[in-house]
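The structures come next, written out as structure tokens.
Look at the two complexes coming up: subunit A is in both, with subunit B in one and subunit C in the other.
Let's look at the complex of A and B:
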């Protein structure tokens, strides 16, 4: 699992690559902590290269959303594949994020 | 440029000396008033405050300086104005002011009551107040947005300019004042009727007479307070011992309306008749995963899906549902298609009525 973070004009984009399963979630938690520091603005989670997400990954997304809401920011989830979209639908997460 | 007699000039001198104190007091009084209105839960359009400018005071003294023995006789050096949205709120604000400050009743004027029964014009409640820590009195004006608009327009057109105002202008402004008074009353009446309606609906929801309760934003909100989807959500969560994240469910109002619900009774019937179907959808989707987190929207979402599938809404109906809930997107078509494919495996779809 790999995450690359870049900030341009107040928008922070995290490019997620690989499988966000339980071990990977532990590994990338510091990156999500870093994203929370930018949660007062727009944070884009670019999932173009993300192939799978487990509950632990959903929890990372959720924690980021909570901090973002508290700080008045916005989290956008971009380019999820059909499998992840299905996970988001069955767990009700589709309602919780702006999906592009 | 103004010309003042020696007496007025001495008042002006006193004003210049006291001006820093006035500015400090204005700020403290306005803050106290704003905080008290917030504490009392009164939403107002604005609270304005100002200290009279030297130019404005000079103009006043030039016109009627002999009327004032000293600066303390001028009661509007510090002025505050509370603009309310509703007519009823003027008196509510007044009661807050009465509790907060000592009101000088001898000099307080309710200009709303000064008009003859058949005349219309400036409407405002003016209180002259004092606080123990300051020797000077101050004025608080209270009026509605519409009264404020009328007053500003009237003032702007120059009634204080000393120029004779044409009779036609006065008549037109009076007609407008009458019209705005009626509008103010109507706004207050509408608010009262809405409050009554909400109370009645809340009582019906609480008593369980859901068929009599029209489905709308207010009633659905009251209904959600009863947590109608919680049993279904708990049942679904039990599939994987999932943790439930509470999320706002108001977006489902449009979804339930779109599938034909007109009363809360209709929503209640969908919960009763389609909960098993909603649970079967969740079992099919989540049962083979280890997903142990879900949002509280899963219950109502699956109820709507089960209702649409069971009643022949098919892909088009599901696409409409997803468009309502998630915003229009091509991806919704894919999800609708996927749900239709899965539906052959849902036991409730194969049951005969």
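Let's look at the complex of A and C:
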């Protein structure tokens, strides 16, 4: 699992790459903590290169969403694959995030 | 005496009898030929002798006639003088014989003898003229003496009686010239036709003796002249003539006017001396020939004995090879159907060695509801290969009886064989273990031809059978390198699937134009569903038809395994420690299953997720913190379902008891936890929990 974060004009974009399974979630938790600091603005989770997500990953998404909501920010999930879309649907996440 | 000696002696006796027969036949043939030749050459020689004698007699007769004619002529030509003298002056009659002698050299004496009383003046008158042999002068004397009485002599009486010329019997004249003589006498008639006198001419027969002696065609042949009365006039070999005890051939010819008979007498001994000499030479040659035949026969008999010995040895070797073959064949299972009581399995196999014994092998047997099987091909052919084959076969039996992993069986066999492999023989080997319940096939291929799998088409559109090679790792053949890490592989057989294993004798079978049968032809042959025996026969027939009359160059071995069970399941297992870092292994595990079942990526991801959530739960909560524990994950693959059985020995925990997460809630209201088990429920069709033997057993089922 690989994550890169860049901030331009108040928009923070995180490029997620690989499989976000349970051990990976633990691994990337610090990055999500970092994202939470920018949660007042727009945070884009670019999932173009994300192939898989487990519930632990979903929890990181959810936690970020909660902080963002609290700070009046916005979380956009971009380019999820069909598998992940299926998971989002099963968990009701499709309703909780702005999906692009 | 040993059997061998006895049989040799018998054989020798036999050939001696045969040899004797040959010799006898040869002698009879040679003898018959030489007798025939002898008879014919005798005949030829006789004919030739006859011709020769005839021609000699002819020439002698001609010579005699010549002289006879001269003699007669000398008389006849003087007749007119005699007649004239009689008429005119009888005193001059003495001139007549003088004239005869004078002008005819062959005439040695002549007389004119008056018929007594014809002339008054000379009642007896016979002047005789003769040539003096020394001086050559002609002397005249009178034969009209008291002692001689010429009118009673034969030379006088005969022509008087017949009135014609007469040749006297030859006689030996002691008085005149001491020589053999003959006399021609002719009557002289007067003008009244009365016989007035007899005119004679004496001829010496010395020339005849000479002539006869010169006529000598054979060394011991002789000639005779006999007179008209049968008296012997002369013989060139009086001794032989008188002894007369020889076998002789006599050729005769008459001499006209004189009444003589000329004979040539040839002793047979003389005549056939040449033939007899030739006959002797032929006899000697015959004897030499027979001796030669006997020598040759002896040599042949000795050689035959040698060949007989060779043949016996060859037969012995052949016999031993046959026994060897029987032993080899007794090592491989060859009763078919192999498992008549089983409905889930059908096996057929065959070995067709190119020579009496071969280096191919196969084996199969069932242990613990698993079919252990193998096929192999030893490098090389004949007895060395056969020995290695038996070793390999025995090793497989021994090692597979206690090992359950094909790779371990192969590795163990390889170590045993490579350790003492001084001849660098190797064996290509395929070892498999088929779980008859689950259809799971584990196999290890050590450099052998990949097994073919004949199965039902997986495509929903295309129906029929597919033939495919089992994927094989590139392991080396057995016997080359100890400690080689053989890799094991796995496949699953479904109902009616067939495994076709073979040695390269099948694909490398060569026809008359050096074409190989090849894998393509084999796969085409197998592309129809048949039972094991049918599949085997189809392949064998195809090879036989392809090859035709070309002699088989390599052993041909086929092993066909027809799987007929509906496998309850295919099982896969993964064991993890209670460490979250081991979670990624699930992804690989799942991917293999998805590949095997042909699942799409979406479903694979979902199942992976459900599995991960369930396993994560166990890892995180089943065992006390810091305690080591295991999570056992078994995947059971059925035709239309997938089952995951997750077992742990941790504290009892029933995830199914956790309340459903409410996904309708807003993000703000949603709890962070509880998503995992929710996903498991969402993804799976059935989630079951059991607590058994102090173990948590969570069964997740997905219908596909």
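Heads up, the rule we're going with is that the second predicted complex is superposed on the first by the 100 of 100 C-alpha atoms of A that agree within 3 Å, B and C clash if a C-alpha of one lies under 4 Å from a C-alpha of the other, contacts with A are read in each partner's own complex, and residues count from 1 in each chain.
Following the convention adopted for this analysis, contacts are C-beta pairs under 8 Å (C-beta built on N, C-alpha and C of every residue); 3 or more make two chains touch, one makes a residue touch a chain.
It should be emphasised that the depicted structure is a prediction, and the values quoted were computed from it without experimental measurement.
Novice: Put subunit B and subunit C onto subunit A via the superposition and say whether they clash or fit.
Specialist: Clash.
Novice: As a test of reading the superposition: which chain, subunit B or subunit C, is in touch with more residues of subunit A?
Specialist: Touching more of subunit A: C.
Novice: Is A:92 contacted by the first partner subunit B, the second partner subunit C, both or neither?
Specialist: Once the two structures are laid over each other on A, A:92 reaches both partners.
Novice: Name the contact category of A:82: first (subunit B only), second (subunit C only), both, or neither.
Specialist: In the superposition, A:82 touches subunit B and subunit C alike.
Novice: Mind working out whether A:55 is in touch with subunit B, subunit C, both or neither, as first, second, both or neither?
Specialist: After superposition on chain A, A:55 lies in contact with both partners, subunit B and subunit C.
Novice: Would you sort A:69 into first (subunit B), second (subunit C), both or neither based on which partner it touches?
Specialist: So A:69 only meets subunit C here.
Novice: Tell me which partner A:19 touches in the superposition: subunit B (first), subunit C (second), both or neither.
Specialist: second
Novice: Would you indicate which of the stretches 134-142, 548-556 or 674-682 belonging to subunit C has clashing C-alpha atoms with subunit B?
Specialist: 674-682
Novice: Of all the subunit A residues, which ones make contact with subunit B and with subunit C?
Specialist: Residues 54-55, 58-59, 62, 82, 86-87, 90-92, 95-96 of subunit A touch both subunit B and subunit C.
Novice: Please output the residues of subunit A touching subunit B within their complex, sorted ascending.
Specialist: 54-55, 58-59, 62, 82, 85-87, 89-96, 99
Novice: Under the stated contact criterion, what part of subunit B meets subunit A in this complex?
Specialist: Subunit B reaches subunit A through residues 245, 247, 251, 282, 285-286, 289-298, 301, 325-326, 329, 331, 334-335, 338.
Novice: If we count contacts the way the header does, which residues on subunit A are in touch with subunit C in the complex?
Specialist: 19, 21-23, 26, 51-56, 58-59, 62-63, 65-66, 69, 82-84, 86-87, 90-92, 95-96
Novice: Could you list, by residue number, the parts of subunit C that touch subunit A in their complex?
Specialist: Listed in rising order, the residues of subunit C that touch subunit A are 580-581, 583-584, 587, 601-602, 605-606, 608-609, 612-613, 616, 661, 663-668, 670, 672-673, 675-676, 678-679, 682-683.
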